[in-house]
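Across the two complexes that follow, chain A remains constant while its partner is chain B and subsequently chain C.
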Partner chain A sequence: MDWRQLWDIASAPDNVPIVGLMPLLAFYIYLGWKQARATDALIGELETSPAMAKTHHRKTWPFRPGWQKEVHVWPFLLRIEFLAAIIVTIVLMIWSITLNAPLEEPANPNLTMNPAKAPWYFLGLQEMLVYFDPWIAGVVMPTLIIIGLMVIPYIDTNPLGSGYYTWKQRKFAIGTFLFGFIILWVAMIIIGTFIRGPGWQWFWPGQTWDHNRLIYEVNRDLPDLFGITSNLAKAIFGAVIVGGYYLLGGFILHALFRRYNPKDYQRMSLLQYSIMMFFLLTMVALPLKMLLRLAWHIKYVWITPWFNV
Partner chain B sequence: MAEENQNGKNGNRVSLLQRVKAGMKEDVESLKTDLPAKAKEQIDGLKDPTKTQVYTSIFRHKHDDTPRNRALGVLSNVFLHLHPAKINRDAVRYSYTWGMGGITFYLFIVLTFTGVLLMFYYHPSKIQAFRDVLYLEHDVPFGKLLRNMHRWAAHLMVIAVWLHMFRVFLTGSYKKPREFNWNVGVILLVLTLLLSFTGYLLPDDQLGFWAVTVGTNMARATPLLGHEGPFGPLLHMTPYNDVRFGLLGGSIVDANALLRSYIWHCIGIPIVASIFMIVHFWRVRKDGGISGPAPVMLASEVKEKR
Partner chain C sequence: MPELPENDPVVSKSYALHYAVAMVLLIASLFWALWDEGWAQRPWIAYQKQWKERYGAFLKTAKSKSARSVSDLEKDSDYQKLEQAARQADAEAKPHRDALQKQIIDLNAKILAVQNVFTDKRAYANAITYEIETDPSASGKKSKQKDLDEYKKKVWTVEYPDGHKEKYDFRQLEEKYNELKDERTKVSAELADVLKPVTEANNKVTEYVSAHLVDLTPSQIEGLQKKTSEWDPTIQQINVAEANIVDRCESCHMGIREPLKLTAASMTPKGQKRPDEYAQAFVSHPEPELLKIHDPDKFGCSPCHQGNGRATTSVEKGHGNYEHWLWPLFPKQNTEAGCQTCHAADMVLVSGDVGWNISEGKDLFRQRGCLGCHRYEGYDKEPEDLNSVGQQIKQLETEKAQNSKQAAELMKQADTAQSNEEANRLNDKAIALKVSNSKIDGHIQQLDFQSHSLLQDVKKVGPNLKDVRLKLNRNWIPVWLKKPTDFRPTTKMPNFRLSDQQIRAISAYIWQSGFKDPLPKQNPGNAEHGKELFETRGCMACHSIGEGDQMQGGTFAANLTQRTRPYCPLEKKDIGPEDYAKKGLPYVFDLEHSQCPNDGHELQVQNMTVMPSLRLSVPDAQDIATYLISQKQQEPSSYPDAAFMEDPNLREEGKKWVRHFGCAGCHEISGFADEGRIGTELTAEGSKPIERLDFALYTEPAQRGTGKDPITNPEDLQRLPEGPSQMFTTRARSSLKLKSCACPIHI
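For the complex of A and B:
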């Protein structure tokens, strides 16, 4: 165990934010989960007793008749805002006094940094480069992430769970978002920050970075495994595989979705449903491709003269 | 004129000097009596500065502790008027909002402030940039603190934006009628990342240079528009006319890239982001204010459209 190596990575000034993000994220997941559990308990109570549902104020926080429903922004909200600004300023001051912003040698195009890492918030995309060609990892995926985020309000037809924390009423939406945000985005960043070393090779936390390490890895393409040699056949084979993934995967998802989310399924229009399916399948394709690469050393599934997937 | 007629043409003429003397005596007398009176008035007025014209011209209403004045304090202030006068009693609970949107905006202000100060010491040219940072760190009073604060506030802003999005998702706050504002928020998220990324190159050190090299190399592979991307070569894309060339102002990360990144970082993106922020905050109010904590809705109460 090379603690020194681990410390060097964790204490690199520009890695400090990601080190800070992890406990922050853990805390806020806990805070959200705690409130969701309380709300879900209340929902359970209200569902079992219609009498209570008629009179209850329907929040987890206490409320008694006669209490004012609204409070003045000044001072009740503004004092919190001022306090938050002061606290953030103090935190920033202390952080800036104790830790210096990184400054390395002057830029030198002839001296390549190894590993050359993007800023920490883009390391998820850089990690994706291992599994996909740059046009997918660097261009198509970020675009799809942005568009995917933007369509969320238009494909989530569930009218429940607006304005309060809940798990029970929005299992599918929250589960999917947690998977995308925590597993695919934050975890990939953590891998890119703590695990990738020289040559973007995999070094377990605490393993010494070996700048001379070579890995003899024979990566194969999926068509090769099936003995396909001609370019045309490879292109057609890949198109069938990728198309088949979307069709078969879509069918499996459809079977699951209409069973476990019948109401959402009923509410969704064809356009909403197909957009959701497309983004869901594309999102799931990332870990699947990772699995193909890590378990079977498969690099491409679809080879054409113009692009590879 | 009347005096002249009374005294005749050569009569008892009061000399000019005498008249002036008499006038001055009157003036002195008036100073003796009026000045203390006015001074007293003035001092009495200062005892209640809120009644002065200067004060009332700035603050348009009283500040007595009445509900009306509490509301006016928010509504008649340009910096606070985006707030409603009153909000849901539970909406001020930290556990609901996490305060991340507000913190993000505050960090943007901190970054603008420290950023403008940094601009005084920085030339976006290959010869000067790195030396300017060295000078800033070693010779400018509080220069190091200034740069550190800008750097850490930027990282903190990225984290705060993510947590804000996370909270908005968990509380379902993007749902009707806030769909559009969620989209504005997604654009602001992207702009935040771009702001941070364009700032990365500016110290012109190895860290920024290689991060931006790695980052912009991806643009080579843009489908159709990159010279290494799918169908790019078919559209006659070369390293000298593709989208990466447009981003960098050249085929490598060099002087033009530094200048472009500086202009995007200091002028272009902040202006665009500010416009989106205006829309974002405006829409929070127009879409019915903060989303909750809202009363729980039960599945049995949903009215299905038929």
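For the complex of A and C:
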């Protein structure tokens, strides 16, 4: 266990924000979960007792006579926000006094650093480059991510859960989002920051980043495994695989969704439903590709002269 | 369900404590930021404050010392004569000077009085003149001109300082004003004339003082004191925009260009035993003559000393001693390395006390034969130049051959041409080709001249090994190879630590590849005369004689004879008598007969040694040779027999070893004419930061070192290629749990 290596990575000026963000992320997830639990408990109670529902307007603490139904923003919200602003200012002051900007030697175009890492907000995409080709990982997927996020309000037909934390009432939406955000995006960033070392090789935490390390890792393409050689055949084979994935995955998802989310299923139009299916399947494709690559060293499944998947 | 509080927590919870704590932290961090900004990031402020105190104290003592030397000086009779003359001149000039000065004061007052009125009126007139000139209409101009003329006829009053008043119109005002000013100029000139002898006499006095006073005069020191006491902390910066030099070194190193010589001891405050970092920073630049030639305002400091001139936040940053600055300050003992930036081509680089190190370094580099294995830009260019000349000759010869061939073809075509015109045309073409061939010939001749002189300048570090059979005892060669310094302690040849097998193979190859030409027979000479010549002709400048403490003469021994066979660099082979015989030429080769019989180009006819020709006659040479031979210490028969050197089976292996060890870098060896140097090029060696050197699997230990943070983890140690070795300190050793680790280390 090379503690010094861990310290080197964690204390590098570029990585300090990430090391700082990770506990914050954990804290806020915990906070949200706590709130959701309390709200879900209350919802459970309210659902069983109609009498309580008349007097309880507030979702977290029960309503009491004499208590206001709504409170003013000033001073009650603003005083908390102001306190938060002061704390942020203190953190910023102390950070800027103690940590200097990471200035390294004058830029030398003949000498690239190893590893050459993108800023942390792009590390997720850089890590995706391992599994997809640059067109897919750098252009198509980010675009789909952004469009997917924009599309959410239009395909979300669940009227419950607005304005309060809940898990029971929005299991699918929250679950999908957490999967995409924490398990895919954040995990990829963590991998890109702490795990990927020289040569973009995989180094477990505590392993020294040895620039001379050599590994034997031959990646093959799926068509090659099946012995397909001509370009046309590869293109057709890949199209079949990808199309088949969407079809098969679509059927499985359809069955699951209809079974566990019947209300949403009723409410959604065909357009909304197909859009949701498409984005969901594309999102799940990423961990599947990661598995193919990391476990079986399979790089591409669909080879065409214009793009690879 | 948790307990319900009585009061609504949203409205009744008090944040007063939170605010109190946050406020305290905020104010505290604010003050911290202010302190950091004002002092921690600006250590030069502290330096400059210390400078004020210490230099002020130094100047006080300097001033009293100077005052004492001045008063000593004043007792000098020459000085007193000059002083007397000055006072006399002053006394003589005094009455006239006073009168003139009073006149000037009066005039000034009068001029002021007139001026106050005149300038105002003139300004008004000028404004109207402008309007006249720029008025678009003629009538407008006329009317304005009329106004101006009327204005100028008006009369104004001027009150003089003595009280009386005068009336003037515009023209008269102007005249009076100019008149007064002219008069003042005249009087001032007169005053200057009167004062001339006085100023001259005073100058003589100050000249005398500065000529006789070693240091500064008290008044000069006072000036320095004033400057120091009025000093406000500020960054001192040298900015040379064209060269992108920004050097802020003088913000801490305040004493670099001070006219007085400052030492660390003199800058240490009383009571402190050893100079602290301030005292060390304030010393003067050594060798002020150097700064006169290299004005810091034009050169900056960092071109010679390196370091990060722009940095001001800490000493380490300013000196460039941190991870990412690739040009750290030269350590004190290597400061002269900075001279190399511009003076790379100078062989000697000395100014007063400075430059001896680097000059000696350059000498040693040249003399000790480093160039045999390591290239260095600017040294030993002749082999490369010869290469390029040879290539050019080859190219031109090919061109010539092509031209000839084409010309022959064209002429043949011309012979079978249809018409006369066509025949003429083809023949003309052929002639043009022949003409260009003769031009090429001229070019080749020039190149031959070049190579003739280059061949004379090529020098090898070690002796010519093609001649070993003619000069050396066969059995001695393996003895030499075993350890050269055993035989000759001053040799330049390093000990290659060869194994016995390697020695056998190399000796065999060298012996078998040497020339088998017969040695020219010489008559024996007079050893005594030879001794006399040896001691007087200059041999001992480079060669020594005697062993140990009896050794006399120079240590730069070189090899001495006429070359056995000339070498053709173009064909890459040695030319023997048979080549000359083929062309019917006598077997003569020297500087006047330096053409190769095979291709006509220049031969290497001399041995590539630095030994000059001492213009010895043959009998003298024989005498010296006889004397030297009589000096032998050991009988040749005492060397173990080395018959293996005739074994042809060892030849190939020997050749491989000769290539491996790079012998041809220093020696001329058969079959190794084009061998390159085996060592790395050293031209930019000093610029390589250690992080750029490849330590392969030793990178981690090399980075962490054996000092504060050695590698102790047994698994990590296992990764080292040769297993854990002597890579840790005693402290680490004791902390290693050897019993659990299976590493075969011997501590």
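One rule holds in what follows: the second predicted complex is superposed on the first by the 302 of 309 C-alpha atoms of A that agree within 3 Å, B and C clash if a C-alpha of one lies under 4 Å from a C-alpha of the other, contacts with A are read in each partner's own complex, and residues count from 1 in each chain.
Note that a contact is a pair of C-beta atoms (placed from the backbone, for glycine too) under 8 Å apart; a residue touches a chain by one contact, two chains touch by 3 or more.
These numbers come from a predicted model, not from an experiment.
Look at A:A295: by the touch rule set out above, it reaches neither chain B nor chain C. Contact with chain C, but none with chain B, is seen for A:I90 once the two complexes are overlaid on the shared chain. When the shared chain is aligned, no partner comes close enough to touch A:A51: not chain B, not chain C. Using the contact criterion defined above for the overlaid structures, shared-chain residue A:I215 touches neither chain B nor chain C, since it reaches no partner. Of the two partner chains, both chain B and chain C are touched by A:W67. By the touch criterion defined above, A:P134 lies against chain B but remains apart from chain C after alignment on the C-alpha atoms of chain A. When the two complexes are superposed, the chain touching more residues of chain A, out of chain B and chain C, is B.
By the touch criterion stated above, A:L99 is placed in contact with chain B alone, chain C being left untouched.
When the shared chain is aligned, chain C comes close enough to touch A:D2, but chain B does not. On chain A, the patch touched by chain B and the patch touched by chain C overlap at residues 61, 67-68, 71, 76, 80, 89, 93, 96-97, 103-106. Note for the complex: chain B touches chain A at residues 67, 70-71, 73-74, 80, 83-96, 98-99, 102-103, 106-107, 110, 130, 133-134, 137, 144-145, 147-153, 155-156, 158-159, 162-163, 165-167, 169-176, 178-179, 182-183, 186, 189-190, 193, 196-197, 200, 203-211, 213-215, 217-223, 226, 228-231, 234, 252-253, 291-300, 302, 304-305.
Chain A makes touch with chain B in their complex at residues 14, 16-17, 20-21, 24-25, 28, 31-32, 35-36, 39, 42-43, 46-47, 53, 57-61, 67-78, 80-81, 84-85, 88-89, 91-93, 95-97, 99-109, 111-113, 116-122, 125-126, 133-135, 137-140, 146, 149-150, 152-154, 156, 158-166, 169-170, 173-174, 177, 181, 263, 266-267, 306-307. Every residue of chain C that touches chain A in the complex is listed here, in rising order: 1, 4, 8-11, 15, 18-19, 22-23, 25-26, 29-30, 32-33, 36, 324-326, 696-697, 699-700, 704, 709, 713, 716, 719. By the touch criterion stated above, chain A contacts chain C in their complex at residues 1-2, 4, 45, 61-62, 64, 66-68, 71, 76, 79-80, 83, 86-87, 89-90, 93-94, 96-97, 103-106, 208, 210-212.
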